[in-house]
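The following pair of complexes shares a single chain, chain A, combined with chain B in the former and chain C in the latter.
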Partner chain A sequence: MPIFLRAYSENPSAVAGAVLVFALVAASILAPLLTEFAPKELGGAPLQPPGAGHLMGTDDLGRDLWAQFLYGGRASVIVGLVAAAISTVIGVSLGAISGYFGGWVDDVVQRMTEMFSIVPRYFFAIVTVAILGASLINVICVIGLLSWPPMTKLVRAEFATLRSRSFVDAAKMGGEGPMFIIFNEILPNALPPIVVQTILTISAAVLMEATLSFLGLGDPNLISWGLMLNKAQQFLTLAPWMAIFPGLAISLFILGLNLMGDGFNQALNPRLRLEARK
Partner chain B sequence: MSDLLRLDAVERHFDLGGGLAELFGQRRILHAVDGVSLSIGPGETFGIAGESGCGKSTLARLICRLDRPTGGSITFDGQDLGKLNRNEVRALYREIQMVFQDPMASLNPRKTVGRIISRPLRRQLGLTGTPLRNRVLAAVSEVDLNPAEDYIQRYPHELSGGEKQRVVIARAVALRPKLVVADEPVTSLDMSVRGKVLALMSDLQARHGLSYLFITHDLRVLRIMSSRAAIMYLGQVMETGPTAELFARRYHPYTKALFSAEMVPDPRAVRRTRGRLIEGEVASALNPKDACRFRERCPWRRPRCDAETPKIDAAAPGHGVACHFWREIAAGTANSTIKETT
Partner chain C sequence: MSGSFVSRLSYILRRLAQVAPMILAVVTINFLLINLAPGDPATLMAGDFADLETIERLREEFGLNEPLHVQFSSYVWKVLNFDLGYSYQFRAPVLDIVLARLPNTLILLFFSFILSMILGILLAAVSARRPNRAFDNTASSIAMLGYCLPMFWLGMMLILIFSSTLRWFPTGGMYSLRAPSEGWPRMLDIGRHLVLPALAYAAYFLAMAYRLTRAKLIEILREDYIRTARMKGLSDWSVIFRHALRNALVPVIAVMGLDFGVMIGGAVVVETVFSWPGVGRLMYESILSRDYPLLLGIFVIVSFGIILVNLIADLICAMIDPRIAYG
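The block that comes next holds the complex of A and B.
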């Protein structure tokens, strides 16, 4: 792994991405240390512009926006990580089975994957959340269940290539069963693209959560950047800072994750690593 | 003679679908292995030679039960490979092991040499702890990778090509199988290490009484390693017999051509034999008709060659030739389309 770390750290945009992501994650985790206000605490004058007392100003009810900015990051991080974990588990399992066994198993899994990938994502998410209620768990599950098809396609392709390598035949001749071969022989060799795809899935999940919240379909009791944007709509000309800061947070977080994804891709792929050095 | 391995009319046809031709009810069937019969005795090395695409590797996979024949039967040590259940297949892999062509691809890049060799011993023989460790170290030093303690901690990318192939051989032989199927084991190695790896394989054979099925396209390797051999072309055996006999008296036109295409140290010798070199490319194994597979490139082609697949004819005890006209060719009474220069 040291080779990987060195390659990653030599790539400035990858480092910048990691810094952005870790700064925003750290800020949301350390929120209580960074502000004296609670995110839903009333009391300040409404719609104050950014200034000394309130770093990012206040909203229409006089709540501190800096506090909301910090605590709001928690929703994004949780949704991003858990939804990506769900989609990675589903995507990797189905892709591995599909690519390793091939034949009719592959056909069934691929048709299922295609059904999920042609569903209009946002429409489906909006309808589901509207019917089942806009709780954090529902939002996470919906996003997780909608994001696995690209992972499945990717893992399937990796497995289809790797299964014909002769170390797989050697494992069969060592008396190993399919589960051992899939998880112990092939999967470790397919990890690099899976890691990259997982990071990109986190980014897509964060964006989707923000979108749902912005449309008013997120958990209304949970402060998130999307929800802050949703509230800011009504005061766009009166208090533009209400929109600017959460908007900036979402953009920077997504940007950071994508830069990290690219950085991982380059650092884990020996051929790209050589090109980046030129 | 009690055979260790016996192949009876083994076929492996791949259905490639029809493409456009399927509209007319025709499917494209690739006859990768087409009616191969042979047998290997205990402790023997049987060589299989032929150009690439002649079905050698498919045959190896069939024997190792990594693929199933579409016709014929394979019998190993008295048991029909087609009738084995999952546990019997696992047990079979204590007796049959394989050495693969590309050592890089046959070692998992994420595992150390120690794990690669120990896993089958633990799974197949139930070894654990110190006995397992000792067995692994013995297997590694047996293939001349010393110090073994050092080598078992290395990853495949930290080994040279020859060392990797030694690890592959160690993994195969560690289980003390009866038969090792070696699919072009030295083809991807440097000339300088080929000889050493071949010598190692001969050593191990003598020490453990292994049988080898040795697949190669290099006739020099065939000559050194095998006691009996079969020459394959487009999925069929063209000629088979004791290796020494094949090198002394070859009857099949393809064998003659193949052997004369071999590099010869004396350029004048090449000039003398040039008249026999084959022309053209290997024909397609797609939907072959009932005819001699070699007819399109054969200088002695006659109408009968287009109408009937030759059967193996015994030229001498244990020496078979799949050619309608080998007697005439040997006697010099057949007319060749290529003039032989002398």
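The block that comes next holds the complex of A and C.
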């Protein structure tokens, strides 16, 4: 077993995080197998408390909440993954270019990153989605386009130190071009912190999607945990189960991702690995 | 002394010079949002409450038949003159509506921020004295939770537990219906309404202040000058509070200042959950009723506020830590 996997699996909270995340993702993918109801299927008695027929009760229209809980995870997973992918691609490319080339390229990228990191992300996302329209694509794009600055800063710093190492000089002597050096020589060495940052980006994206949906700015046709909480607000005292379960899901998903992030960080960083063993 | 004063002054001036382009950027983004939105900007600005005449008047007023750069410069001029448009839902200028709600949000922000900073830093000091022991492990686990719970859900759960079940606090709003209108009784009434939203709000920032301060303190407590202080025979607490904390606080204040942006995003959800009559709730209402002039007006005002707060946080850091001036 690679040393990092062993270090990861010896860390109980990191393992717990991975279990949480995989359980929730699997539940959302296998939703049709785990419930006989469709998430928008009407028919049950409204506001039924959790019980035998309906594991998590029903909502105000008599729809099964366990089905909504399972299918609702899909929105979080899709938005989390795609938005994080967008911001990782932007962040890594900009960071790599600016760290590797330096000079005026670096200056331009740096100013751009500063601009975007000052923007209050939540606030800006709320306004943009409210005006451009609440659809899955808009939500994903807004989150993806607002989340890259931390990744850029991180990758730039990694590249700035790695580019002066002798293996880069060796590749240059061998006649390799900058693209080859960036992707095949430096990037693999900068991978550990990028992996950790990507996980944290996913968790931030999931939270942002839930917040937008909670404010009624998610895709209205797509059941999501945030949307379930938005509906639950009016019935908070009457039907608390409508609020408890989806919120628990969001919290556990985010908690799991953060624990995984910490776990990867410790397992991939030899210095922290030694400290944890002490 | 005078050299460090000059360099500090030049840092402050440089920092102030950054403000103008940022303000211009905010105004530009706002202008782009108006123009990128689907449909005619005039229809958009007017919102759902306007009739055809108003739309035509707006088109005239905003010079929508002029070329874009002319529109832009006249828009910038208006914003610089504090003319942020008119809300057709409230039938009042946007600036007046926002300013009327602003104090309520500031009360919420102020108490949550103070609560999270003081508690977070104190708990971090206790944890950092003996890292990885029982207290530290418990506090750190709770902080991890506070960091991960979405504010709006935490708020809803607080209402469920402390309002609907235990009936200790009201479920929302800022005043009771039959509240006394002045003096201490009124303050107490507002205070009772403030507890739950402030808690829901502070949890995340408390966790954040705790995690940042703890990490920084543990790092600092390994340094040589701390060993020197210990060898002088100072107690753990006076080493932490007199020597280490001062240096640990600089990055914490810097990050918390930047996070003020997140804090204002949080105001929207917390004020929505607790029906707190602040700017965040106003923003939610403006989204629900598609009152776009109001929404964009709030965007401009709050963005200016954030630029100001970040500036203040930077200046405070420069005052605490003279090294920044040379950077």
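The criterion applied here is as follows: the second predicted complex is superposed on the first by the 277 of 278 C-alpha atoms of A that agree within 3 Å, B and C clash if a C-alpha of one lies under 4 Å from a C-alpha of the other, contacts with A are read in each partner's own complex, and residues count from 1 in each chain.
Criterion: a contact is a pair of C-beta atoms (placed from the backbone, for glycine too) under 8 Å apart; a residue touches a chain by one contact, two chains touch by 3 or more.
The shown structure was predicted, so the numbers you read here are calculated from the model rather than taken from an experiment.
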item: Joint occupancy of chain A by chain B and chain C, clash or fit; value: fit
item: First (chain B), second (chain C), both or neither touched by A:135; value: neither
item: Chain B versus chain C as contact partner of A:188, first or second or both or neither; value: first
item: Between chain B and chain C, more extensive residue contact with chain A; value: C
item: First (chain B), second (chain C), both or neither touched by A:175; value: first
item: Contacts of A:269 with chain B and chain C, given as first, second, both or neither; value: neither
item: Contacts of A:243 with chain B and chain C, given as first, second, both or neither; value: second
item: Partner chain(s) touched by A:93 [first = chain B, second = chain C, both, neither]; value: neither
item: Partner chain in contact with A:166 - chain B first, chain C second, else both or neither; value: first
item: Chain B and chain C, minimum CA distance [Å, superposed model]; value: 8
item: Residues of chain A contacting chain B in one complex and chain C in the other; value: none
item: Complex contacts: residues of chain C adjacent to chain A; value: 22, 25, 33, 36-38, 44, 144-145, 147-150, 152-153, 156-157, 159-160, 164, 171, 258, 260-262, 264-266, 268-269, 272-273, 283-284, 287-288, 292, 295-296, 299, 302-303, 306-307, 310
item: Contact footprint of chain B on chain A as seen in their complex; value: 165-167, 169-176, 185, 188-189
item: Complex contact set, residues of chain A against chain C; value: 115, 117-128, 130-133, 207, 210-211, 214-217, 229, 232-233, 236-237, 240, 243-244, 247, 250-251, 254-255, 258-259
item: Complex contacts: residues of chain B adjacent to chain A; value: 61, 64, 66, 90, 93-94, 96-98, 100-102, 105-110, 119-120, 123-124, 168, 171
